[in-house]
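In the two assemblies presented below, subunit A is common to both, partnered first by subunit B and then by subunit C.
== the complex of A and B ==
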């Protein structure tokens, strides 16, 4: 009897540490964040008052919230599309037979480099290069049309574009590596028989490469979509959301509400909405992964 | 030869130019960081800029390495990342063993729970963590970081190690149990020793995640002596007198552990990246 019980509970005993950790640091916090979004003065007061959907009403009436949402949407779409295009170009270069294997191995190390550096290094490094008297302005001053130096990070007109560019720079290697693995999995026979039928390289790219890579492309784009949607570090360190909220992302908006304005209820309300969007995309992602596996 | 040959030749030239431009795009900022770290701070914005100038020296590195406040950032990062690696591997291997060797009610739900962690924005978790960590008396301690990092490092470890254990025959465990050993013994004396390559690659990723983490470290620690390297680098940026060359030296030094892991374990690194879901 005792032995049988021991057998039944065995898997749970091995899982217990993980389960305890996940319950304390994942399940309960998520439950709490949703709960906070329905009360007034969460965390700050011992028995906060239940206010129903009031926080949500306040949130959707806040212009800053919609500004942050708009910035985030632009940031995510530009980043994901550019990552995809650059990742694809570099992967095809590294997979082409124009170069020796050795050249390609060395080039691959160079191309992955931006991914290896941590967000604070990426931020500080670009901050140096983008200083008014920095290297970027010097390189541009060589061009004839440009005479005055730009304050890249404190100019409302260009700050968001600069942030997007930096995020593109440090994010494309993930695509490149995944696409490269995908390209190496496509059979040469497909291309050969297409070439015999007289297909141009562009045609075989559209009719063979893209369809063959489609599952990988969808998976990585979704993962990147989720990551970029929640990204905080690089933007926070480069601009802190400024100048005048022009680079404020949802994660920064939430961070400021919680840790600068100490309004945990409103922060939780915005966080809950962000969470819902992420979970929604994740469900699609998991389904997509299942389809790939079957 | 003729048209086709010439066409191929010109494509090759275009491809070579693209290859070089791409490498410049990727590596120039990093090269600039290293060069700047070697310059004197007064020469950082010299016009026209040079890669290496007459002020080149390792002075900024010596300055960082002889500053006890900055060394403390490194010590903290090593302690936190090291502890996260050990705890993640221990707890993750136990869970992976359960997923690999047993069928039990709730397995599917646990599995989805673990996969779904990737989708949870860190900022969402940070709000409730704040109150929790303070209530637990862990605010501004190593434990605040170690425990919260586990939530993001464990899932990858469990998924990878489950996959690894699945490739090992169940007969290995059974042989131990026939000899009168327990499952526990089978796991630690047979499965774990053969799984060392898998553990190395998981350990490396875990270290990188923990070494690079920024948001939780920013909010859950407070005093300078508890800050980790990413926060430390950023703290230097916040000071009014910018010492760019020291900041660059600190950035290079802060990147070295991860760079070494990357160079030595490139194969695992790339395999892990293309299997998806790993943010370095």
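== the complex of A and C ==
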């Protein structure tokens, strides 16, 4: 009986450490954040009052929330699409036969550099270069019709575009590496057969490369979507969400609610909504992965 | 029931039990430490925790030496919990939420009202802090909660090389002189005046913009102590002065995202003629030929100059079980060794002591600091944001409106009306 019990419980005993850690570090914090979103004065009061959906009503009536949501949507869509396109271009370049192996190796190291920098290095680097008296304006000053003192990060008209550009710059290598691995896994026979049938390179790309890469493309796009949605460090260090909330993302909006306004209830409410979006994408991602495995 | 099903149920019950225990731990149980709890006659064995950012800014080991000397004198051990300024508020708030808050906490003026509202702080006078030996201590609704130890005044730093190159003969003392000087500096191809309106830490509205107003007696509050901005003639003049500075291109480029640290590092690099920053930053300006001065005042103003200040201040947490010992330590910071502890802290950090018994020796301090000390003694310090509920959020909103006004998106009246709204709504 003991032997049978031991055998039956073995899987659960193996799982127990992971489950306990997940409960402590994942389930309880998420549960608490969701709980805080239904009370008033969470954390700052010993006896917070249950307010039902009031916090959610307040949140959707807040213009700053919709401003942050709009900025986040633009930031995420532009970043993910640009990452995909640029990553694909560089991956195909590195996978082509036009360059020698040594050139490809050097280019690979060169292209991957932005990805290995930490967020603080990226922020400081670009902040210095984009200062009104920085190197970017200096280099642009040689061109006609270009203002020498464009305030790249302080001008509300261009700040969000600049933030998107910097995020694209530091994120495309992940796509490049993933797609390159996928490209190297596509059999040359497919391309040879297509060429014999008279397919042009564009047709080969559309009918062979894209379908073959589809599982990888969807997976990395989903992951990137979630990562970019949660982006905080680079934007915070570059602009702090300014000027005048023009680069304020949902992550910064939540941070300011929690740590500037000390309103953990509203911060938790916004975080819960963000969590719901991320969960939907995560479910889609897991299903996609399952489909690939099957 | 199958064994597998039983095991699953047991696992689920276990998970729920762990969650329940953990959540109970996260819940805010009330502190049972009574205010009137008697302090132990013998202090040996008493340990206090002191949450602060000072240790991160003082020379290494300086604060440790102070607490070691205090322990030798009183038998009370003080354990230092040091974090950067930016993380201290979060550490205190989180500590209050899970009942692990330190006994003594350093408090920034912008946090005061929130901490009092959260019930984090206790009455320092009731605890035994000697408020008769300080120039000022911070109250909310008549109760003293926090006492500053060091005050950091905000002078205007002037890069004398840039002034000379631009042909500015003397440091400007009035707004019109400042405008003239900025015009010459701009003509010489240099950046004139720094106004930091970044919102990572939106303190430019307080230190630079507000400081310029206070230097001319322009305040946010009326004589009754209530915030009165919307119909405030002085505030209107101040807004128009900065608008003129902006329109004429005298303000440092990139001001809308400029942070205080960037502003001072730009001055240290010789990139700007005038910068308003804490006297504590003076040690950074080793490679600049600079002077310190009062911020220029409105033409015709002949009253005393208000000087913006920030403080290293301390309070005692409500959850502290030995408030008398905590008060004893605060008294030591203010008056220990005939005021030498406070004096030493002030001299080390280029600050001014709040303790009236401290006599700091500034003989080793830079000449510019000593000259500003004389100006400091002749005038008065002011900061109307201290004790303002949700001060950080209010200052961020005010900063955003100021940027919109300077860029011409809204009128001054609209900006001031908005400000009035933020100030009236703060804390409600």
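As a convention for this text, the second predicted complex is superposed on the first by the 274 of 294 C-alpha atoms of A that agree within 3 Å, B and C clash if a C-alpha of one lies under 4 Å from a C-alpha of the other, contacts with A are read in each partner's own complex, and residues count from 1 in each chain.
The definition used in the following text is that a contact is a pair of C-beta atoms (placed from the backbone, for glycine too) under 8 Å apart; a residue touches a chain by one contact, two chains touch by 3 or more.
This one's a predicted model, so the numbers in the text were calculated from it and none came from an experiment.
Undergrad: When the two structures are overlaid on chain A, which partner does A:259 contact: first (subunit B), second (subunit C), both, or neither?
TA: After superposition on chain A, A:259 lies in contact with both partners, subunit B and subunit C.
Undergrad: Contact-wise, after the overlay, does A:121 reach subunit B, subunit C, both or neither (first, second, both, neither)?
TA: It touches subunit B, and subunit C stays clear.
Undergrad: Which partner does A:195 reach: the first (subunit B), the second (subunit C), both, or neither?
TA: It touches nothing on subunit B or subunit C.
Undergrad: Given the touch rule stated above, what does A:12 touch, subunit B (first), subunit C (second), both, or neither?
TA: Touch partners of A:12: subunit B and subunit C.
Undergrad: What is the contact status of A:274 with respect to subunit B (first) and subunit C (second): first, second, both, or neither?
TA: So A:274 only meets subunit B here.
Undergrad: Check the residue A:53 against both partner chains and state whether it touches subunit B (first), subunit C (second), both, or neither.
TA: Neither partner.
Undergrad: Under the stated touch criterion, which partner chain does A:240 make contact with: subunit B (first), subunit C (second), both, or neither?
TA: The answer is second: A:240 touches subunit C but not subunit B.
Undergrad: Does subunit C touch more residues of subunit A than subunit B does, or is it the other way round?
TA: Partner with more touched residues of subunit A: B.
Undergrad: Is A:26 touching anything from subunit B or subunit C once the two structures are fitted on A? First, second, both or neither.
TA: first
Undergrad: Based on the superposed arrangement, let me know which partner A:133 touches: subunit B (first), subunit C (second), both, or neither?
TA: Both subunit B and subunit C are touched by A:133.
Undergrad: Please report the subunit A residues shared by its interface with subunit B and its interface with subunit C.
TA: 12, 19, 28, 32, 43, 131, 133, 259
Undergrad: Help me check something: in the complex, which residues belonging to subunit C touch subunit A?
TA: 3-4, 7, 11, 15, 18-19, 22-23, 26, 28-30, 89-90, 93, 96-97, 114, 117-119, 197-200, 253-259, 271, 390, 392-393, 396, 400, 403-404, 407
Undergrad: Mind pulling up the subunit B residues that touch subunit A in the complex?
TA: Touching subunit A: residues 11-12, 15-16, 18-19, 22-23, 25-27, 29-30, 32-33, 36, 44-45, 47-49, 91-92, 94-95, 97-98, 101-102, 104, 107, 110, 112-132, 147-148, 150-151, 154, 158, 183, 211-212, 214-215, 219, 229-231, 233-234, 236-237, 244, 247-248, 251, 254-255, 258-259, 262, 266, 269-270, 273-274, 276-277, 279-280 of subunit B.
Undergrad: Which bits of subunit A are touching subunit C when the two form their complex?
TA: 4-5, 8-9, 12, 19-20, 23-24, 27-28, 31-32, 43-47, 131-133, 149, 151, 153-156, 159, 236, 238-245, 256, 259-262
Undergrad: Give every residue of subunit A touching subunit B within the complex, in rising order.
TA: Touching subunit B: residues 10-12, 14-15, 17-19, 21-22, 25-26, 28-30, 32-33, 36, 43, 89-90, 93, 96, 98-99, 103, 107, 109-121, 123-129, 131, 133-135, 138, 169, 173-174, 177-178, 180-181, 219-220, 223, 226-227, 229-230, 232-233, 237, 251, 254-255, 258-259, 264, 267-268, 271-272, 274-275, 278-279, 281-282, 285-286 of subunit A.
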